[in-house]
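In the two assemblies presented below, chain A is common to both, partnered first by chain B and then by chain C.
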Partner chain A sequence: MKRIKPVIRKEFSHILRDPKSLIIIFVMPILMIFIYGYAISFDLDNIKLGVLDYSKSDISREFIKSFLQNKYFKFVEVKEDEKTPDLFEKKLKRGDISEVMIIPHDFSDKIKEMKSTEVGFIIDGSDSNSANIIYQYNEMITFNFIKRFQDLDNILKIHTKVYFNPEVKSAFFFIPGLVAVLLLMVSALLTSLSISRERESGSIDLIFISPIKSHEIILGKTLAYIFVALMVETLIIVFSRYWFGMPVRGDILTLLAFSLLYIFTGLSLGVLISISAPDQKTAMLITLLVTMLPSIMLSGFIFPLSSLSPVLRGFSNIVPATYFLKIIRGVILKGASVTDFIRDGAILLFMSIILTIISVRKFSKNRDRGT
Partner chain B sequence: MRLLYLIKKEFIEILRQRELVFVMIVAPVIQVILLGYLVTTDIKNIPVNIVNLSSDKATVRIMNRIINSPLFDVKNIFIHNIDSLEVLKRGDVKAIILFRDNFDKKKSFKNYPETQILLDGVDSNSSQIAAGYVNGIIRNFIIDDINRYGLSPLIRGKPLIRFNPRLRSINYMGPGIVALLLSIIALFITSLSLVREKEQQTIDTLLMSRLKPIEIYIGKAVPMGIVGLIDMVIGVFVVVLWFDIPVRGSFFYLFLSSLIYLTAILSYGLLISVFSSSQQQSLFFSWFSLVTFILLSGLFTPVENIPKGMRWLVDINPLRYLIKIIREIFLKGNGIEYFYRDLLALLAITLVISSISIFNFKRFISK
Partner chain C sequence: MADNIIEIRDLTKKFGNFIAVNSISFDIKKGEILGFLGPNGAGKTTTIKMITGLLKISSGSIKINSLDAEKHRDATRMDIGYMSQKFSLYPKLTALENIEFFAGISGLTRKGISEKYTEIKKYVPENLLKQNIEKLPPGIKQRVALFAALLSDPEILLLDEPTSGVDPEVRRNFWQEIYSLKKEGKTILVTTHNLDEVEYADKIVILHRGNIIVEGEPEGLLAGSGKDSIEELFKEAVKENEEN
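Let's turn to the complex of A and B:
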């Protein structure tokens, strides 16, 4: 244990000697949170709606109005004499409108006679998820409209209550996710160069012949960066809290405790890559590939894990971000407590221990061979 | 003529790196297939709990519809009340569907349960879709049921889904993946090309030659452009054949717009290469740019609602235009008259990036 300290101290002087990289490490995550925090959103408002009203009656105008009274739909104005199915077809193809509503000419008569009538909705289905939501909106608004004429309210009683994010804004879904993705990337990047750098400069030989044991070197290299990574995290969370107004409902200490585990996982991953890669360039490339892509695609960052195919869902179980994402969203947005995530925390700890053990073994082997 | 020799040299350099050949030919096939499965974003198997406090027979039939639906993965069914907030906090289920007896005095002629949907709103997109699905299932059940008594809702929406009638998300994502692939390969390899020569100091040999700066520039860009186009063809075929995605529009414009985009990315890569002093730096910059290009391109999330202050970032993103054009060609079979504006915008951006890139390249060479 006593010999770990000098290793840590040595790594620290490495960090301090290279202020340029340190600045990048701190500035880049903030920049990314800033851009993506604004840019990534699923919110589907202002759906461009074209209307072909053949009924031209008070009731049909009321019906159209009920679609435009909320923020979901935006009316696309078309000149009266140009209102032909052809034109709407063109607009649909060009993407100027996403939906065309067609009201038949006998619409108002049928309703007055209390007979069933149909309204056509042509939806641009290219983006299947948006089309799905548009379809749901149609059904909901149409049904609410019928209630003025028919007493269906008592038959269909459905109340929806949304917890944790009552305004249903997707920004608060993405920002904690970004924290998870960036944190893993930064911590793995920090350590990924630590050993490959020594190998490139040849100073690794000095470490090989020193009396320090392999596990002490590996632990020292890992621990030295915990402090830096934790600072990056605090910075990201403070920025998200005060710039984007992300609600922090849970206990911040709980979050920090779990983050420590997660950072440790990222750092050990970086060390392992550093040992395995022949040079710094390769180490960096592998780190970016291994941390970025799976954390974005396989962790539930953008798309829910439940819609992945079973094989890919299996893979998602070995992605550290999967667990931390659950924790950070739980603690920040839902105010969940430590006990809710003991299992996830344990898995992260287990992962970092396994990674460290592999690193130590690999390092000792390299040491014996002197490469 | 001199230019040809340089192009030949660059080609040899690319082909000599075995792993690079692998990266360029085999990797695209694997990537396209893998990414294709990854970005299949149909929301299904939503994990839910059901709480049934109702005594209606109808409830059981509604529950069966939910259980048999591929949209939901019913984890547990309770017949007593549960602490919903705690369950949702843990995050194992996205929604809790609760059925109660309808105790309204003004009862209608038939008994249906009162339904409550409790949603975990964190993932706003999925929870909205989940709520919509439950609504739809129950509404359809009741409409089917009251139909037997000669009652039906006054207005029924009759949806017609265009361009992608089965609502397969891969039809939307697949073409985008090809664009993504094109960017990854072209950007990484070109951004490294010049820096590598700087690091190995072979750049001096190149500078001593009688080649004009613009010739060196073209010599660097053309081989990568050819490789990129080959990858594009591979990518399109893999996507079309493996995932069975229809191509309704013209291949000519598909390749024309890809070629323009490729020019933009190659110039951008060379620009990074000029400014970086080490391969590490150039990798880092390419990566950062690439992620920005992708996330702001509309590939994963819609870009229509991005706030005004950030809008320009989307408008100058060449990948956004390519993805829009490719999707229109694949899904809608649109001709040039529909996307000429996007094509012109892409062309303009490409010209600007190329000019900046060539200008800086010349300055770098003359130094």
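Let's turn to the complex of A and C:
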């Protein structure tokens, strides 16, 4: 511990006095949360709707109104004499509208007679996600409309309650995921940049020929940066809580305890990267590639793991964010406790131990071998 | 030889097909100042890095205090103080914080570090010691780097281009410092590409393209060759080396 303390003190002082490092560590994550919090969203508002109403009746107008009364749809005005299927097809192709509603002549009569009738919807399917959501909106609004004419509640009552995210806000789903992605990236950057900076300046040579052991160097850097990474995590969560109104339902100490394991994994990964990176730029590029890409694509951050191919799903098992994502979403959105994530925590602990052992060994080997 | 503190035999370093240091042999006696001279790219820094263990040797041997440096790296490193070409201090830390760090990782106690603070204040004004290294002039950085290399009180001091980038007065003062250290019994290997600095050395080794082209005491070398200066001697030796 005698030789570890100076390393901790030095890392702290050096990073807190370096504006470039401070920007990367504290400003970049906040900026990314801010941008992603608004940019990435599965919420679909203002769906541009074209209407071909051949019925032109009170009931058909009521039906159209039921779509336009909510925030999801926006009516696209077209002159009455120009309304043709061809025109709407052109508009769909150009992207001027996302959906066309076609109401037949006998729509009103058949509804009044309680007979079966049909309404046509043509959806722009070039964006399959949006098309799927529009399809679900159509079903929901139509079902509610029909209920006015037939007492369907006698046959089937639907009671839906959305737990943990009642407003079904995408931001609440994404932000905890972003915390997981950013925390791994920042942790790995901290160590990889620190070591590659020392290599560039030559100060690593002075450390290498001193009596300090390799595990003491890594432990000193890791302990200093664990604290810095926890500060970054707290900052992101506080920002998300007060800027985006993200609920924090679970125990923050539970989250911080699991975060320690996750940060340790990221820091060790950074040490491993620094061994093969000759300079800071390379270290930064490799770190971003190794941490961000798998964390975004293969952890369940955007795409559910069940939708991945078996090979990629297998690969997702070695991505640390896969486990931390479950933990952070569970704690923040669901108020889950430690016992809910024993398995995920154990895997993160295992990963952090293995990566630390590998990084210390590689670092020592690199030191003994010379460059 | 018993009074040789460093013995280098057939030392070679290859980077792929490139031979940076080509089977060189020389000794350094205890308490001697060895001037390790040569133009940029001659192999001076590579040799120093092999002595410190920062670079693995391709072939040959290095003995420090009769111990094989490759086999007893931890033990031989304890005898070495190293000052690198770029000084290699932490730019965002003050001079005192740099000293505290290097003293700390060398295993010095709080008391030991505090004694070192008192010592450096004799050489560098206190107000400068509290400034970040990046804001200090090269001469002060050089002094701090030298002080850092001496923190563990090593027997051998390896100084890689310590006088590059400093003005003549700072250079003269630095060499006076080196002489004081010699009087204290330190063995010093100094690399430089300034041939006029050889007057300070007890012995010189001139490297060119990884080969030793001149070795001996400066006065003896000049007397034996009939040349007026080491520079002339160097030019002649380089010419011969290139012809061969």
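In this section, the second predicted complex is superposed on the first by the 348 of 371 C-alpha atoms of A that agree within 3 Å, B and C clash if a C-alpha of one lies under 4 Å from a C-alpha of the other, contacts with A are read in each partner's own complex, and residues count from 1 in each chain.
The rule is short, and it goes like this: a contact is a pair of C-beta atoms (placed from the backbone, for glycine too) under 8 Å apart; a residue touches a chain by one contact, two chains touch by 3 or more.
Just so you know, these numbers come straight off a predicted model, no measurement behind them.
S.K.: Putting chain B and chain C on the same copy of chain A, do they fit or clash?
M.R.: Chain B and chain C fit side by side in the superposed model.
S.K.: For the superposed three-chain arrangement, provide the angle chain B-chain A-chain C between C-alpha centres, rounded in steps of 10 degrees.
M.R.: Placing chain A at the corner, the angle measures out to 100 degrees.
S.K.: For A:L298, decide between first (touching chain B), second (touching chain C), both and neither.
M.R.: First partner only.
S.K.: Which of the two partners, first being chain B and second being chain C, lies in contact with A:Q69: first, second, both, or neither?
M.R.: Neither partner.
S.K.: I want to verify the contact counts: of chain B and chain C, which reaches more residues of chain A?
M.R.: Partner with more touched residues of chain A: B.
S.K.: With the two complexes superposed on chain A, say which partner A:N317 touches: chain B (first), chain C (second), both, or neither.
M.R.: So A:N317 meets neither chain B nor chain C here.
S.K.: Give one of first, second, both or neither to describe whether A:D340 is in contact with chain B, with chain C, with both, or with none.
M.R.: Only chain B is touched by A:D340; chain C is not.
S.K.: Touching A:N144, do we find chain B (first), chain C (second), both, or neither?
M.R.: In the superposition, A:N144 touches no partner, neither chain B nor chain C.
S.K.: Could you grab the smallest C-alpha gap between chain B and chain C in the overlay, to the nearest Å?
M.R.: Taking the overlay as described at the top, chain B lies 16 Å from chain C at its nearest C-alpha.
S.K.: Within their complex, state which residues of chain A touch chain B.
M.R.: Touch list, chain A to chain B: 24, 28, 32, 35-36, 38-46, 63, 90, 92-95, 110-111, 114-133, 135-136, 138-140, 142-143, 145-146, 149-152, 154-166, 168-170, 172-173, 280-281, 284-285, 288, 292, 297-298, 302-304, 306-309, 312, 326, 329-330, 333-336, 340.
S.K.: Please give the residue numbers of chain C that touch chain A in the complex, ascending.
M.R.: 49-50, 52-56, 73-74, 77-78, 80, 82, 84-93, 97, 100-107, 132, 148, 152
S.K.: Name, in rising order, each residue of chain B that touches chain A in their complex.
M.R.: 35, 37-47, 73, 84-85, 88-91, 94, 102, 104, 106-108, 110, 112-129, 131-132, 134-136, 138-139, 142, 146, 152-165, 167-169, 171-172, 279-280, 283-284, 287-288, 291-292, 295-296, 300-307, 309-310, 313-314, 324, 327-328, 331-332, 334, 338-339
S.K.: Which of the residues in chain A come into contact with chain C in the complex?
M.R.: 2-3, 5-7, 9-10, 13-14, 17-18, 201-203, 205-212, 216, 368-371
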